[in-house]
Amino acid sequence: MRIGMLTSGGDCQSLNATMRGVAKALYNNLKDVEIIGFIEGYKGLMYEDYRVMTPNDFSGILTQGGTIIGTSRQPFKLMRTPDAKGNDKVELMKKTYKKLKLECLVVLGGNGSQKTANLLREEGLNIVSLPKTIDNDLWGTDMTFGFQSAVNIASDAIDCIHTTAASHGRVFIVEVMGHKVGWLTLHAGIASGADIILIPEIPYDIDKVVSAINKRTKAGKRFSILAVAEGAISKEDAKLSKKEYKAKLAESPYPSVSYEIGKRIEEKTGQEIRVTIPGHTQRGGSPCPYDRVLSSRFGAAAAQMILDKDYGNMVGMKNGEVVRIPLADVAGKLKMVDPKCSIIKEAKALGISFGD
Amino acid sequence: MRIGMLTSGGDCQSLNATMRGVAKALYNNLKDVEIIGFIEGYKGLMYEDYRVMTPNDFSGILTQGGTIIGTSRQPFKLMRTPDAKGNDKVELMKKTYKKLKLECLVVLGGNGSQKTANLLREEGLNIVSLPKTIDNDLWGTDMTFGFQSAVNIASDAIDCIHTTAASHGRVFIVEVMGHKVGWLTLHAGIASGADIILIPEIPYDIDKVVSAINKRTKAGKRFSILAVAEGAISKEDAKLSKKEYKAKLAESPYPSVSYEIGKRIEEKTGQEIRVTIPGHTQRGGSPCPYDRVLSSRFGAAAAQMILDKDYGNMVGMKNGEVVRIPLADVAGKLKMVDPKCSIIKEAKALGISFGD
Amino acid sequence: MRIGMLTSGGDCQSLNATMRGVAKALYNNLKDVEIIGFIEGYKGLMYEDYRVMTPNDFSGILTQGGTIIGTSRQPFKLMRTPDAKGNDKVELMKKTYKKLKLECLVVLGGNGSQKTANLLREEGLNIVSLPKTIDNDLWGTDMTFGFQSAVNIASDAIDCIHTTAASHGRVFIVEVMGHKVGWLTLHAGIASGADIILIPEIPYDIDKVVSAINKRTKAGKRFSILAVAEGAISKEDAKLSKKEYKAKLAESPYPSVSYEIGKRIEEKTGQEIRVTIPGHTQRGGSPCPYDRVLSSRFGAAAAQMILDKDYGNMVGMKNGEVVRIPLADVAGKLKMVDPKCSIIKEAKALGISFGD
Amino acid sequence: MRIGMLTSGGDCQSLNATMRGVAKALYNNLKDVEIIGFIEGYKGLMYEDYRVMTPNDFSGILTQGGTIIGTSRQPFKLMRTPDAKGNDKVELMKKTYKKLKLECLVVLGGNGSQKTANLLREEGLNIVSLPKTIDNDLWGTDMTFGFQSAVNIASDAIDCIHTTAASHGRVFIVEVMGHKVGWLTLHAGIASGADIILIPEIPYDIDKVVSAINKRTKAGKRFSILAVAEGAISKEDAKLSKKEYKAKLAESPYPSVSYEIGKRIEEKTGQEIRVTIPGHTQRGGSPCPYDRVLSSRFGAAAAQMILDKDYGNMVGMKNGEVVRIPLADVAGKLKMVDPKCSIIKEAKALGISFGD
């Protein structure tokens, strides 16, 4: 039995641990199994760029960041457009799949990659997919691998800023990744004692943000920490159409939303604001033990799906149990933070302002 | 309103973060609230040893290990026995509670401490309790604070041993805490790629353990790592009565189970075995971000219980939501690893041996 | 005996550990000693803003980041200008010093703060100073506290970027702090396997940087990592006068040098460049064990200087021994990386390019 | 040019980083160079067990713990005894060396391994050696690689114990590695605020240890932390001959010195003592940035020695500069802590007791 595997989209911390899980469970339970690793995601599948993996390749990679087979971003909306040579990308992938006589294709990816996986499923390929993203925005699963490791890095960054802010009596903004959702910022913000948390799901009112800072100043607190999601948006901007907002962002003189927020707070409070952006560090480094357990479980469950010949699903976690979610249900949906969910209420009870 | 608070039993990593959560949510939502911190657990409650806390006491302790009000172990079975001066301990506690006109008592504790909390509830005290333990063995909650931080420390220790084992080609045993249950060993073992995991819930057959090691040796693997719970037990010993086993342990020349297991493996394989015991380091140090989020949520939820005057419950986590579990249900029960649960199956699929 | 103490300038990781060292050694060796902590650096000394410290204040702060007495930046060149109320700042400080009948003033600070300390010494105050800076740019000492902790944070950041860069096959720039010198970038760059290191002491030729990247690409390496000091400068810009260069920077559309370097590489190689700036995280968080030992030694040595009534010196480290360096020698000098020193030669031998 | 390389003795954290340094500098500066990696130290050299290394083997191992070519302990005193088949071990090694036409042999090792390296030098082999040990006990160099990483792990362990000890009000002993010298314990002890530090170079008087604990108790401190070197020795035992002491240790019912010390303190103070032994974790895991810089520098310097054909030396660090030390001077000597050195004086000034 020959199985294809690829990692697609932005990298994150537990990709290798997950592939190791799939591979170990396959090698343990199947006599004859060969794993083909496609290089740099769907690109490798298109252009027959692959490596025949051996059990040894998966040894010692549990704690290793990145992905041993490389990854690349392949925008879903360009999937059905011809490539540079005029070939249909999906057809190229199907051709490789058939040529190599693959039993199935194991895809580790985030939102865009799951959409492509679903497309290939519709085209008749046997797909098993796994939820990779530091954003935790995949529909159908409570948790994605990479998320908790990214929470740790973002929290460490805010912790470091905390001691500096406290020593200098400053207002600090730490911009946290998370794409269009607030999970990462919410968790890292609570974990590191941020005073104000701004996430895309709760558009902020800059005056509420300012008054939260002023309230702290009045109470004798010498500093304030804001954890701001890279996708944070103001109440006014949330009223714009997607297109309008995109245009506005494109015209902005600021490299990211935090600088604009900082500028506005500076104008309204007279306080000096510092912005720190941990950036890509949040996707890198060794996965944390939580992620390694999650990845190992996910990997074993994906292998079981292959043993069961139960294709077309993504592995997910629901209420502590590993489940199978139809790709057709996953594709194209986003799991967002519900502004009325209990964790938001609890954060507010602690005195954290969301600027709403 | 005056509220008593105490931390009881073995310390763990997120006690301060949890107390901060309770306090912040109380101060934010009640005009007049005074928190009394009893020194060293129930002992402080018995002998009126306490500190009147201020909001400042709870500031900056989110990431701080240990407990700012101290703790001590008060065996439950001695709770109804008189103290050194012949006084009934429960009566002493009731007296202090009444004298200070407490609205309620907030207890952060593990199994024994929850039993005592329930006893005080039966005696008419208003109790709100929170699930503290690195063992994750509290009935009624999916997760306890301290657990994930301890998993991280135990995993780090096994990771360190991994590089040494691989370099020297040795068999290494790392003994992991967890009291009578296997949660900590199971998670740390999977997270750090242990080859064999021995937990109390799955009594081991030493020959199965040995054959798992030999299988690795035959496959050309130069080393094996065993993650052994401090409560691990052999198939034969599991047949003994509690009393018999206790007597056997007392007579054992070994300071802990790992040494005996190591000795038996050495005899049967001829390989040199090394034992490492991270010990109390697993309870100490700064809580991880996961625990800080959990503690913050738990703290806010406990404060809400006080606002609701809903007493006699422990805060818990069920399927991602914070819940209230009647102390009467919690007290005296142990949450053990089900040998047939999915995480065990997944671990076995990866090739991990449990010696069964 | 009453002793004043202050922390001045940008905060760093081992300030509390150092103050603890001074205090512990004083309390241990003097019967009657009172330590006065001035709030927010020289500002506290000017305006009699201080706290009478107790031994308890210095307990448990060995691993704590930031500074318990706060800090602020007081530009040296403004020291002899009148303050907002028209008072001479130095006279204000002298007045407080005399009023409080201080035996001496202990100053923890970097370059600017040492200059001010020397000024106060010239004005007749008894000064003991300690070398605080993540930049390691203080003349007269091999090592400053804060430096190694900052190296660790910057290295961790580059390590994280490493896995991402390797997975995606990208060119990444990580901008490292260090003010006008390259120590931090040099050490963090070597520690994390950076391919190209740009520091102020070795002005770079962008074509040499590009050819170093191209050489890697040709050798089949899919990624390159640049560790760029915030003070890195090109060969052309190094020819400008200080004033001209400052004007050029002020006009630059880029928030920092890395973006411009990135842009130029992008233009010349056609490769996509990503910039990450760990920023203020490099000054924050818990000090590493190396710094805690250094700070403890420095603190004890500073206390000994007070016992010896040997004033007007900065504590330093020379060839592994703690030494006393006259403030008159330290003030106003910068310790830079010698482009011909052995560590640079060793780095070049490893294949690291400095763009020269 | 063909060069042999081996890692010998107990493993430590920066072996791979050092080998990478040697290899990178050789590949960069020599057109034709082939590196032979002997498997498991001198054993591989004896029995022609080796791997022809490629540049790729040394890529990505900078942060990886352990050694990619394995190691083993070969007691020096058995070096001139025949092996199991009656062959002279040194002759076997010389034979392999000649057969493979090696230009030289690069040895990464501690005390025993340096002695063997010197023996091979006397036999006419070209030797370049590097100072590997977490013990920092190699004569001729201020610093060995592995040491600072081990200090970090031991300090982390004591930090963890600190929070537990403070919460429970207990006396804790943490036993630190270091073989026959006290460097590791001294640095880890100071770094983590240990109250009492016991090292082999300063034999302890148990009554002095007890009085240091009692002094703390009287001062209201609820806990004490002892950092005890695995080679710590009492004043009485220090009077015994080596043979007598060895015999005494062999008869001791305790697995290590800490337990006996704990027992004696318990008897004399009535306080409950807990012992924690981080053990082999201190040799494992990823090297810290300090060690990675040191290893990179050492590696480049070793390669330069080969380019210079300057053989028979060990690379070392003296006053911040990398130096060459004749193996004849290094072999058989131990670098111990001088009880009168400044770091000990500084530690005592801070109030740390050494039990003397």
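Note that the chains are named A, B, C and D in the order they appear, and that numbering of residues resets to 1 at the start of each chain.
Heads up, the rule we're going with is that contacts are C-beta pairs under 8 Å (C-beta built on N, C-alpha and C of every residue); 3 or more make two chains touch, one makes a residue touch a chain.
Bear in mind that the values here come from a model prediction, so they are computed numbers and not experimental data.
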| item | value |
| --- | --- |
| Chain-contact steps, minimal, separating chain D from chain A | 2 |
| Farthest chain (mean CA position) relative to chain C | B |
| Distance from the mean Cα position of chain C to that of chain B, given in whole angstrom | 42 |
| Chain B-chain D separation of Cα centroids, rounded to whole Å | 35 |
| Rounded Å distance between chain C and chain D, as computed from the means of their C-alpha atoms | 31 |
| Residue list for chain D, restricted to those that touch at least two other chains | 159, 166 |
| Overall pattern in which the protein chains touch one another (line/ring/star/complete/other) | ring |
| Chains that touch, pairwise | A-B, A-C, B-D, C-D |
| Complex contact set, residues of chain B against chain A | 21, 24-25, 27-29, 60, 62-63, 142, 148, 151-152, 155, 159, 166, 187-188, 190-193, 288-290, 292-293, 296-297, 299-301, 303-304, 319-322, 342-343, 345-347, 349-351 |
| Residues of chain D defined as touching chain B within the complex | 7, 10-11, 13, 15, 40, 64-67, 70-72, 153, 156-157, 159-164, 166-169, 172, 222, 255, 274-285 |
